[in-house]
Amino acid sequence: MPPSTPLQASKVDVSKKAWEQSPPLHNRWHPDIPPVATIREGQLFRVETIDWTGGQIKDDDSSDDIKHVDLNQVHYLSGPFRIEDADAKAAMPGDILVVEIVELGPLPGDEWGFTGIFDRDNGGGFLTDHFPAAAKAIWNFDGMFAHSRHIPGVRFPGLIHPGLIGTAPSHELLAIWNEREKKLVEGGEKSTTLCGCLHTRPLACLPEPKGALLGGVPKGSPQWEKMASEAARTVPGRENGGNCDIKNLSRGCKVYFPVFVEGANLSMGDMHFSQGDGEVSFCGAIEMSGFLVLKTEIIRNGMEMYMTPMGPTKLHVNPIFEIGPCEPRFSEWLVFEGISVDESGKQHFLDASVAYKRAVLNAIDYLSKFGYSKEQVYLLLSCAPAEGRISGIVDVPNAVATLAIPIRIFDQDVRPKKLMPGVSLRVQKYSDCCKSTYDGTAAKTENPALSS
Amino acid sequence: MPPSTPLQASKVDVSKKAWEQSPPLHNRWHPDIPPVATIREGQLFRVETIDWTGGQIKDDDSSDDIKHVDLNQVHYLSGPFRIEDADAKAAMPGDILVVEIVELGPLPGDEWGFTGIFDRDNGGGFLTDHFPAAAKAIWNFDGMFAHSRHIPGVRFPGLIHPGLIGTAPSHELLAIWNEREKKLVEGGEKSTTLCGCLHTRPLACLPEPKGALLGGVPKGSPQWEKMASEAARTVPGRENGGNCDIKNLSRGCKVYFPVFVEGANLSMGDMHFSQGDGEVSFCGAIEMSGFLVLKTEIIRNGMEMYMTPMGPTKLHVNPIFEIGPCEPRFSEWLVFEGISVDESGKQHFLDASVAYKRAVLNAIDYLSKFGYSKEQVYLLLSCAPAEGRISGIVDVPNAVATLAIPIRIFDQDVRPKKLMPGVSLRVQKYSDCCKSTYDGTAAKTENPALSS
Amino acid sequence: MPPSTPLQASKVDVSKKAWEQSPPLHNRWHPDIPPVATIREGQLFRVETIDWTGGQIKDDDSSDDIKHVDLNQVHYLSGPFRIEDADAKAAMPGDILVVEIVELGPLPGDEWGFTGIFDRDNGGGFLTDHFPAAAKAIWNFDGMFAHSRHIPGVRFPGLIHPGLIGTAPSHELLAIWNEREKKLVEGGEKSTTLCGCLHTRPLACLPEPKGALLGGVPKGSPQWEKMASEAARTVPGRENGGNCDIKNLSRGCKVYFPVFVEGANLSMGDMHFSQGDGEVSFCGAIEMSGFLVLKTEIIRNGMEMYMTPMGPTKLHVNPIFEIGPCEPRFSEWLVFEGISVDESGKQHFLDASVAYKRAVLNAIDYLSKFGYSKEQVYLLLSCAPAEGRISGIVDVPNAVATLAIPIRIFDQDVRPKKLMPGVSLRVQKYSDCCKSTYDGTAAKTENPALSS
Amino acid sequence: MPPSTPLQASKVDVSKKAWEQSPPLHNRWHPDIPPVATIREGQLFRVETIDWTGGQIKDDDSSDDIKHVDLNQVHYLSGPFRIEDADAKAAMPGDILVVEIVELGPLPGDEWGFTGIFDRDNGGGFLTDHFPAAAKAIWNFDGMFAHSRHIPGVRFPGLIHPGLIGTAPSHELLAIWNEREKKLVEGGEKSTTLCGCLHTRPLACLPEPKGALLGGVPKGSPQWEKMASEAARTVPGRENGGNCDIKNLSRGCKVYFPVFVEGANLSMGDMHFSQGDGEVSFCGAIEMSGFLVLKTEIIRNGMEMYMTPMGPTKLHVNPIFEIGPCEPRFSEWLVFEGISVDESGKQHFLDASVAYKRAVLNAIDYLSKFGYSKEQVYLLLSCAPAEGRISGIVDVPNAVATLAIPIRIFDQDVRPKKLMPGVSLRVQKYSDCCKSTYDGTAAKTENPALSS
């Protein structure tokens, strides 16, 4: 085998349950989850992952699985991988671990994905006040291109990326996370930045033993009990990277990760075939199982050289990314704008989240004029290569956010235009995506994400 | 003259004061500011503008002009232009006015611009808690490229755009603006979204006769007094477009504006040679005088066809933009990430503004390792073609924002890399930008923006 | 004036004849044409040019001017400009002169251009055997975009460039040119590479006093007589650059020119608003008057450092170009292929010219199915941003050439597609371009290009 | 399996000989080679191919395999595939077969490739008069990126494509090919267009039973004997597509093929990881084994609708290609120019092949100043994503061709620049590629390509 053939570092079997995989998966961040493999710096290695929900969502035409999804389990990650240099010396705290994504894609034989709107009482999303009911779209892949029987008339090239990739936190960093998120929940400042619209969403997902999977640590052992009670949930992105959902982190990109534990303990999962900036419907990318081929490099003492902690300790840093020349490119975009005045007409002060919400709502309303239901557009904007920008953040009192959509993903011309007298816009409706009703039953499922 | 030669619709003389220009300028939004010219649909027309401060900032090496700038005057706009169709029928409320930017640039003989950090007590900016003192960089233009004696080692192509362009509000819309912004000021919720850091910035700039310029309406007349007391300040972007600071609004773009008054009454100014997303230092673009060549089209009843009001009235809409194939392109980017944990380590809930602030701070710290002062980088990120993205807005509790910087604007390789043993990063410092001290004297100037 | 304001180095008046301009123009290459201005290295300077024919072609709807154009006069150039370094030392033979194009465009008030097919007996073109009759299209410019009443349904951004720019040849180099081109004409190997199709085109345009304009050298003087009899015609590109017609030589590009005479003596003209690779109809770009803003740098002894002569002397070199990030970009292309089998079915050996001819003919036939006349498409492919590639040049006996056309320049979808049963391709014809008949009268004009 | 999982239509085993593969391969074009599989329109299918030489070239550091390669065997193709519509009706002569490339890459476990300069007496290449001796470089792939131990300091993203893909010729078309190529060989006009430099290359490769592989037709059978004596060699691109070596024919592209036989009988092979326009060293791409995932569509009677025959019969057509948004993009290029004056100083008439040769030679000389041997650069320009353009083809007597090289593929800045006094260009030489001597021994191998 030539040196370019990657080492198979981790496999999955999508016909098995998440907790039956070998090597074992994990769905929490903890420094003591044991590595499943040791990888040399410079070695190409291949990692397989299951989808973030662990197979809960099916390739069918009902959205009940989305409505009743168990969010306690997420996200299932592959790894951790211990990284060593050519002399078998491990990456050490204070180093930077450079991870290059050399290839990635869906698993052969499993070339499909899903995008969902979560029920308001079970996960919700950025626009859950407007879209309380669950919905789903299934996507199929023609190589680089995605298309959906549930959202006809669009087709776009994927910008495949891991939604979640990161190094393990140290005990110290883990304690910082738990403390600050607990304070937020206890403080109870519910969604003030988002005009009250997210009132049923949890403020944060605190440690929760129920549903925890901790790799090779035997469930029920004293070690497991201790770890499960303190291991961080995987939902938010944090200092170690994690669930950053950066849609451009694709072929040819590099990530510069801070290292917090010996070996770095790199984990990843939540593969996306494509995502729009913001991943607005929460289950918003085209979620899939998949594989990555990676290559690493260690920059010794890189954190001191390149990263400046911002906060009380040296650990308050963030990864750095490098984007390469391999992205699909679009040359024409339709751009929707939002300002930080909410849907009730209330003025907010330089609030980019409110502004972005308005931009997304404007885009949904606009595109629904071309034959789509609003749920379809909400799903589409979550997963298509739309760019969400903070355009202005200084002009008091209005933040200005924009959402740019590549025009060519549609098979019709969606630009505003003069119509001939007597002609109206397309009236023909497309067939719709799969929808559920919003009736509160979702809340009745056992969902620890909400019980906290 | 061929039909492609634009009509000269408005001229300026940069050697004169803002209030001495003919046709007269204006620096407030009001439906009754009389048009300076009538333009036919389809007609190419050329507009000249002075810089947004009206010549207060000089091409020199002191930042005192920035420190003591009178923000009461801003922004000086050219227009309004009344738009009619081929049958001399004016654009009417409910129509969409399509404005295509066919050409734009600096004024011949005035090919320079400035970027400033405002003093904390006189304007401030996105990072005013970190950078309280005024600073300035002067840029010169080599055609498409900008370079600065105050920020050596960078050069980049401009993406020239009007920071401010919009249609006139109706009386009804103006009243809505004044009411909602007044409520915000009275509510006094000072900067809660931005961790208290902006406590000296005004929450909003309410109507202020002092410094008002209302085009052809004679100052001191009863009409002027009434209008000046209610005319909206130009600082924020609003339903009519306005100060959107959308950095990609350049050659070949179209804007679809809602029309609120007969004739549409299009105004513009605040030309930028280049800007980064967010325009973070507030005086953050490369500010300049300039010209635009425009072409318009009227879509009758377009607001009903294409825009969905979001709020209590039909007026709560936003413009739509269309970006074309003429932008400068970069293929490699260095990307900095921020999450909604502030510099003190405090956790915020899905706050994209906080996340973006962290991303910008991370980028400033990083780039300052390559020979620059932090003020230089803050200025640079405000005006270079950096992209600010809302990457994740659903993963509780952390919003993830990113700031992407094109690598090729630097004349050195700013990527993180392994260094030879014993080698350290560049120690040679560049000469610095112009800086002032922060001593409170700025606040002593008469600045109505702060007295409200 | 700021240092970015260019020095006005040369002006033209398009209402005057070419030989009445001040400073004087020239239409031949000769080392002894005196410079019209001296320019310092690093100094921005602005040059105006008339169109290459000197105003012979009019903005009207007849192609008679094209049919009877006097090619003896072409191309009218501005300059030469003598280049000196900061110490007033001239660029010297052996140096490299770096010329950066910082800005360029049509002359204000003259924003139009033309594309022509020359009559077979007066100029001809790449496909003159297929298109013997003269034709013309007039283009108007909306800023960056060109459109034509003679070729409806297309609109594209210009990639403005000087078709012709170069340094003056030395006496030695001039002698080499004259000798090798004379040999070609005397050898009489008429068009063997292009299957006999160009039999009425001159093999080369040898020195010709008639019509010569030599800048400041008084016509009729002994010096003029001598120079005119040996000065090189401007039609072909040569070692000094010259009429290279490189369509991407636009804003932000640099050219590295060899210097052959003291001062470099840089001249330029033949501005194009846009051109397709190959400029196939010969008068094939969108030809216009225009201006350039330039900046120079001298690399002392650069020829020895960077250029390797290929031929009997040190003078057999070619310029080097550098393309920047400012080009308009297209993401989707329709590509036509040709192989080196000619239209009669005859096989040629690795002949890229024949292959390219086939590719162009294939594209013309194809696009003419969408409502255009073949002359319209021939004109369009000459001037639109089409890319002509040598795809394969080694697979005996067939060279493979391709012509790629950006799909988005058309307002209809020109891709091949399945049609519904009973539906045929667009039958509606566009109005045509201006055409003349081919009747041999063009040959009766006094055209020294053919009399040689 | 979801509908996006491709049907495995053809497999190879790179540990076996080319003639031992199952299903069988073929290395000639003939209408009677039986299809190996039938594929439905719309069905995704996966094809594996061996490298074009059938494994003759090894991943080692000697170029002897290149020197003595048996060119009689080439190119080994997979297929043919018979294409039917949803009603099981075959594609018919006169239809267009649309082939979309949805995915492609190296074979897992075989991620390497080679680029070679053929010996002057055994294959040669575009510059064989300058580079008579065999040479080789091995490339390894890091996902999308290629790098070579034989050409240090460069790394670039691949634009993977099949060098050879086409439909089967009909008997009538085959006869046309054989006749016109035989005429060329008999006419003996040796390389007149390329200044005599290719005098040892065959003018064309006529049918040759030796080495022929005809898929499922048993070798030695009467049918085999007849077919082998008339089957077309695969070296040149022709009406059916074939060896077009179009470097951009990658992910997301479509090809519109003419159909000449029932079922279309699509074949492909000669996978390239990357290639420069022209593939100048002949074995010039990064040659590899690989796979493709394809999807087809049939446009009934498409040839009449969209293709215009050019020649004595309806068969003289060429495929059309469509390039999509997924290419790697570069924003800065260094461009070398050549004119149709050859290395001896002789003037040729509008000969794009000579001009391109000069451009390539100029680029080789230039880049060899930066630490490379000329062979290394020749190999590099053959396989890196360099663009070869026909810039001007009408300015008698000089054709102008250009070769554009993306600057970012080098890890040093290869632009011309001013050096400090006393500083010279990089003197450190890179380690070289593998080279052989040119001593005539290559000619002694049995090479039917030369014996014809």
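Lettered A, B, C and D in written order, each chain numbered from 1.
Note that a residue touches a chain if its C-beta (ideal position, glycine included) is under 8 Å from a C-beta of that chain, and two chains touch if they have at least 3 such contacts.
Listed by chain with UniProt protein names: A, B, C, D = Formamidase.
All figures in this text were calculated on a predicted structure; none of them were measured in a lab.
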{"item": "Higher-contact pair (C-beta pairs counted), A-B versus B-C", "value": "A-B"}
{"item": "Longest centre-to-centre distance from subunit B (Formamidase), chain (CA-based)", "value": "D"}
{"item": "Between subunit D (Formamidase) and subunit B (Formamidase), distance of the C-alpha-averaged centres to the nearest whole Å", "value": "52"}
{"item": "Length of the line joining the C-alpha centres of subunit A (Formamidase) and subunit B (Formamidase), rounded to whole Å", "value": "32"}
{"item": "Subunit B (Formamidase) and subunit C (Formamidase), separation of their C-alpha mean positions in angstrom", "value": "41"}
{"item": "Contacts with 2+ other chains: residues of subunit B (Formamidase)", "value": "324-325, 328-332, 408"}
{"item": "Footprint of subunit A (Formamidase) on subunit D (Formamidase) - complex, ascending", "value": "1-5, 44, 59, 100-103, 108-112, 140-145, 157, 251-252, 293, 295, 324-330, 408"}
{"item": "Footprint of subunit C (Formamidase) on subunit D (Formamidase) - complex, ascending", "value": "96, 98, 125-126, 176, 180-181, 183-184, 189, 191-194, 198, 201-205, 235-239, 243-248, 256, 277-282, 284, 297, 299-300, 302, 305-308, 310-313, 316-325, 329, 331-339, 341, 343-353, 356, 358-359, 361-362, 365-366, 369, 387-402, 404, 407, 415-419, 425"}
{"item": "Residue ranges of subunit A (Formamidase) in contact with subunit C (Formamidase) within the complex", "value": "329-332, 408"}
